[in-house]
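Structures are listed in the sections that come next.
Shared between the two complexes below is chain A, which pairs with chain B and chain C, respectively.
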Partner chain A sequence: MTRSSWIAAGVLVALALAVLLVPAVAQLDQQLVDLRSANRAPSLAHPFGTDEVGRDVLLRVIYGLRVSLLIGLVAALVSVTVGAVAGLAAGVLGGAADRVIMRVVDGFNSVPHLLFGIFIVALFSPSPTAVVASVGLTHWTTAARIVRSEVLTLRARPFVDAAISGGSGRLRVVRRHFLPHLLPHIALASVLMVPHAIWHETALSFLGLGLPPHLASLGNMINDGARSLLAGNWWASLFPGLFILLPTLAISVLVQHWRDRANPRRRSELQL
Partner chain B sequence: MTRALARMVLWRLAFTVPLLFAVTLGMFALAKASPFDPVRQYLGDRAVVTSPEVMAQIRANWGLDRPVAEQYLTWLGNLVQGDLGDSRSMHRPVAEVIGERLGWTLLAVSCALVLMLVVSLAVGALAAWRHDSWLDRAITGSAYANEAAPVFWTALIVMWVFAVKLQWLPPGGLTDPAATTLEAGDVLHHMILPVAVLAFSQSSWLLLFVRESLITTLREDFVLGARARGLRERTVIVRHALRSALLPFVTLLGARIPELVTGAILVETVFSWPGVASASVQAALAADFPLLAALTLLATLAVVVGNLLADGAYVIADPRVRVLGVS
Partner chain C sequence: MLRADGITVAYGRQRVLRAADLTVAPGVVTGLAGPSGCGKSTLARVLALLRRPDAGRLTVDGTEVRRWRHRASRDLRTRVALIFQQPRLAVDPRLTLREIAEEPFHATGRPVEDLADEVGLTPELLVRRPHEVSDGQLQRACVARALALRPRYVICDEMTTMLDASTQAHLVARLEAYRRETGAGVLAITHDEELLTRWTEPSGGPTVRMT
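For the complex of A and B:
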């Protein structure tokens, strides 16, 4: 592994530990409002400063990351599941079903994702469910495309012919011969979907269309911080944003590393 | 060439019309499934004191008591005839709201596009030329970081640095709050930050693409040939390598319209730029279906037209497509 992949893995492990352990051992309450220490700049007592009602930004960032990560994971899972089922159906059934499903995919892709998400959340009042639904409904198309194209190449493989000649039905071929080959692709698609889903959650929350404002989520915190930004309090929105950037960057570095390993020719040519 | 182009345009248009119908149907279905009651929305606090008879009257006036299919057909018919309805949050016709704001969005987005193209071509070519140096690593590193950073956050940080800390540029809006007339210089001054942030946020993928594509092209025989003929390094890169490396880029640019729309929504909101993209957020916050639906349709149309232009440009740019036809 290269040095950057080690750093990326370290960042992810550290963030995961922080998200899991800090709420268990924290002395302070992240909801604690302390107006006497509002809008404090970063110091030893509050490494990331305090927000406009005196809540510790560091503690809230960790809680926010927890919420955003959870929403991101669920949304990624929903969208990849929907996409995998659609892609599998298109690839296995073929013919008219394939054409219809792929036209639906094209249709969903021609509406900008964030706008579509905004549309859904606006009509179903902001809530975690609406956010998950809007991310799931807009992002399943990527997974559907990947799964379909994999199924199409799998169909031509000799072991599938052998299984069918041996009397396997459609369901058995899918379960025993397609799914084991598809799982790595589906897993990679889900990993790549998580930062995307987190981005969407934070963008919607930032616009005031995501999670309820009292909940510590990274998007809500950036939105809260934006209000005091004009007064010069940069820390309340800078740090939550950094905690969106860090995991996203770490995941993309790791995925890049994984792809280079899977495709050594490209690595030797480009040394990305 | 014209025949190939015409055939492709016709083929695409044949898909566009059903697509737009499907989008209207989808939006209408979502609106009907939504728990929001447009009449209560319209009345606001007055809904508590309004008698049920009056509310039923409004409902009838708006045609909400009709069967769902009939409501959809009426709405669609109006849309086709160019009647986009009335915005419930801004209390004005939707067409008027869009007409007033579309120009500002187009101005900002097109300036951002030009800036993004120029900067990422130059910087991407620089990184490829100095491949594997510290400069290249710094450029690609910041491009990846930029890709990972949410654009609304970048916008806020930029706003803090340039508008709050340095006070070089205004933090948002279209004109000075004290200004009574629209002056070009004032608008230009307010436009710098949103345009720069939008261009910067969209530039990293293009920059990385130019770099990667150029690195591969620089290994090709014709580049070696050009160098062997003693051409200047600049001529080799700009005239020979870059030209061939940029071929797939026209299609990529067209396919990036959705991201551009997304970026415009967030950047316009942060800098309170009075364009159509920020109007969609205001419409969403007020659950203003007519305005939101019209803006969603507009964005879909922009995506479709973007794809069409990209494919058209490809036909013109690549002689192989012209001769062998569109696959």
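For the complex of A and C:
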């Protein structure tokens, strides 16, 4: 593993430990309003400062990251699962089913997905479920395309012919030969989707459509912090912003590393 | 009788087979020779019910084939086995040699028989994966897989082209033993004339030449 991968892994582990352990051991209440210490700049007592109602930004960032990561993971899982099932159905069934599914994919792709996401959350009241549904229903098309194209190449491989000739039915070919080959691609697509889903959660919350305002999420915090930005209180929105960037960069560095390992030929070509 | 009449196959606008006729009779080895690219492998795939021809008729023991690949009945498609030219492409790289050879038993729910010994695979080889064995050893597993369900017809598509002489002789002997034992029909596709003569002679089967 390269040094950057180690650093990325270290950052992710530290963030995971923080979101898991801090809420359990923290002495402070992240929702505690303390107007006497509102808008304090970063100091030893409040390393990330306090927001406009005196809540500790560091503590809220950790709580916010917890919510955002959870929503990111669930939304990624939902979108990749829906996409994988659709892509598998298109690739395996072929013919008319393939054409119909891929036209639906084109239809979804032709609408700007943030706009479509906003439309979906607008149907619900602000809640984590609404954000998960919005991201899941607008982002399944990428996974569907990846899985379908992999299935099409697998279908043409002689070992699939051999399996059919040996009496395997369609379901057995999918279970025994397609899924084991597809899983690394599906896993990669879901990992890549996590930071993307976090960004969407943030964007929706920033627009006031995502999570309810009392729930600390990175998007809500940037939204709240933006109001005091003109008064010079840069910390209330900068730190939540950095904590979106940190896991995103760490995940993309690790994914890059994983991709290189999974495909050594590509790595050796790059080194030439 | 495995009988193909007027088989025509095109890939896009490229026609690779034009009204080809071929009959594989049970109990004999039928030879099929022809230059590279004349459509031998395509015909083999049609005969194994793996590709629907654009025109023509295929009958297996008098039953006309109307559905292909998964859609063909299991009984019909397991009656014809196909042994591929390149064993490395014909096996799932994630499975062990034992899993490869036993796959047809699991797929059809029949009791597993140990066929590895017949094709000369030792227990030590059976736990390896394709990248850990030679082409010859892999082709032995493919032959075991093809014969697992006791097919009525075996199509050997350049089965021994990439193998050394001793493995070649062993696999041909194994197929000959199978033919004598079960009365199955064998279609030997190769452009090695010497091998073709040696293989078809004992059963007195015909050799068809494609152009």
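Everything that follows uses one rule, which is that the second predicted complex is superposed on the first by the 260 of 272 C-alpha atoms of A that agree within 3 Å, B and C clash if a C-alpha of one lies under 4 Å from a C-alpha of the other, contacts with A are read in each partner's own complex, and residues count from 1 in each chain.
In this section, a contact is a pair of C-beta atoms (placed from the backbone, for glycine too) under 8 Å apart; a residue touches a chain by one contact, two chains touch by 3 or more.
Since the structure is predicted, the reported quantities are computational estimates derived from the model, not experimental observations.
Within the superposed three-chain model, A:123 lies in touch with chain B and out of touch with chain C [touch as defined at top]. When the shared chain is aligned, chain C comes close enough to touch A:165, but chain B does not. Shared-chain residue A:215: touches no atom of chain B or chain C. Of the two partners chain B and chain C, more chain A residues are in touch with B. In the superposition on chain A, A:191 makes contact with neither chain B nor chain C. Of the two partner chains placed by the overlay, neither chain B nor chain C lies in contact with A:15.
Shared contact residues of chain A, touching chain B in one structure and chain C in the other, are absent. Considering their complex, residues 106-107, 109-116, 118-125, 195, 199, 202-203, 206-209, 222, 225-226, 229-230, 232, 234, 237-238, 240-241, 244-245, 248-249, 252-253, 269-272 of chain A touch chain B.
Residue ranges of chain B in contact with chain A, taken from their complex: 15, 19, 22-23, 26-27, 30-31, 33-36, 132, 140, 144-145, 147-150, 152-153, 156-157, 159-160, 163-165, 171, 212, 215-216, 219, 257-259, 261-262, 265-266, 269-270, 280-281, 283-285, 287, 289, 292, 295-296, 299-300, 303-304, 307.
Across the complex, chain A is touched by residues 45, 48-50, 69-70, 74, 77-78, 80-82, 84, 86, 89-92, 94, 103-104, 107-108, 142, 145-146, 148-149 of chain C. Here chain A touches chain C in the complex through residues 157-159, 161-170, 172-173, 176-177, 180-181, going by the rule given at the top.
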